[in-house]
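Down below is the structure, laid out as structure tokens.
Should a chain be cited, it is by its letter among A, B, C and D, assigned in written order, with residues numbered from 1 in that chain.
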């Protein structure tokens, strides 16, 4: 049974554009909201400096397929699934389900691949293995990922 | 020789995030800047109401592969190529070239598929063929796309 | 006893800039979040088309005084107070209280003046009296504003 | 004759909201564009680390008065004036002039007060006098500010 993390967001006025719908770039901000909520659900923050100074998760790939628009005040549940866990990277899938009075409707599906890096004081980034205790917590949450 | 449209942008402070680099979602805003500049280069605006009332170009797919970060005050040239022109849709490729004192460096590559729609007064969207004079101008600019 | 509406937000990664703090323009997005939540708390949405087609609330003034920065994952409670209700306009005050383990800390204070308008199909806006049932609900919530 | 810096911006699709106009918070992003262009015009960047490590300009006050909306593809010239230069702070005024076929039209006027700070490695900020060579360049550009 795969571990699944859910974040919920209401579309705000500043998320919309003159077409009257959520601007397409903002789906990527919402994916990140779910990603960071997932990290917190595992017990650590993406910027927990005391635990892992200078650790970062820059993106190497991001994509989104749009089926239906989201509008102002729509409430959307973003389901995060870990598709792949490698030594230095993670790949997530995000399903955007608009909550309605009837059953939720999938309006978009996204994907994000991130690399674990450390940052030097000058801002230079270097890929490193995902720290053991973070990797372990992801594996505990997602046992089926252990051998990928 | 394919037609290629180029837009230029400087990364602004508000485009960055606390990692000190351009936030990954903003690459999608920059793609749109190039797309709309491309429309203007063909002689029409994406919102030219007198020409095509209620015409819109919602996205069905967007993706980006990130190679290197962009930082504040970096100047990037976004090269737009029309990869595919169908009756009701267009697919673009975007190459992000950071301008340096030496030769430009490709830092990211994106893709965008848009559908031509009309909007009803209630906001409902319906896919329609790309209006003839718009299709014609794209074909004039991009003769090799005529038979795709 | 004045009516006060409270909205709560967590600072997201995309709200920050390279200075490591919430970008100063985003405080104005947060004010709007509180404003629209206030409208919903009165029983109507800022875009409830069935009730008031083409009604809008463009801003004539916005300001913010910043005392302390907000950082990623800070939780802030935005207190909205209606400072003034005129026939065609409303003025709000917003207090940004960062929630901490101890007592909340005010980090910023904002102000927003909005005008009630109707929009013509061509986008032109015209100031109009606040519709009676909306004005009434605000007065019921805020009896001390009746005579301003 | 006061020194005046001008920046030019076209309103992009992602700057608009569902009301069909530039979102009011984005005027503050445009002010910052002018502010940072002003710093560059004086010969230094707001993040020139070699010159002034850890120097920052957090905002203590920001405001905007809106007269007319800006729409997609409007071109606006943002005039920056230095209203006040103190030992540790600067106050700017910004006039937003929409460029039209006839004479420019002022659509909004903003104000920004910034404090000069240094940042400790832990992110803590401390107000410091504006470095002498920066203060000198502003005074050279703005002789009438010398004695304020």
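For this structure, a couple of remarks:
Following the convention adopted for this analysis, a residue touches a chain if its C-beta (ideal position, glycine included) is under 8 Å from a C-beta of that chain, and two chains touch if they have at least 3 such contacts.
Since the structure is predicted, the reported quantities are computational estimates derived from the model, not experimental observations.
Farthest from chain B, judged by the mean position of CA atoms in each chain, is C.
The interface of A-C is repeated, with over half of its contact pairs matching by residue number, by B-D among A-B, A-D or B-D.
In this structure, the chain pairs C-D and B-D differ in their number of contacting C-beta pairs, and the larger number is found at C-D.
Separation between the centroids of chain C and chain D, computed from CA atoms only, is 25 Å. Averaging Cα coordinates per chain places chain B and chain C 34 Å apart.
Mean C-alpha position of chain B lies 29 Å from that of chain D.
Annotation for chain C: residues touching 2 or more other chains are 13-14, 18-21, 25, 29, 32, 47, 71-72. Against chain C, the residues of chain D that register as touching in their complex are 18-21, 24-26, 28-29, 32, 47, 56, 58-67, 69, 71, 119, 123, 125.
On the chain D side of its complex with chain B, the touching residues are 12-14, 29, 32-33, 36, 40, 45-47, 72-73. By the touch rule above, chain A contacts chain D in their complex via residues 13-14, 16-21, 23, 25, 71-72.
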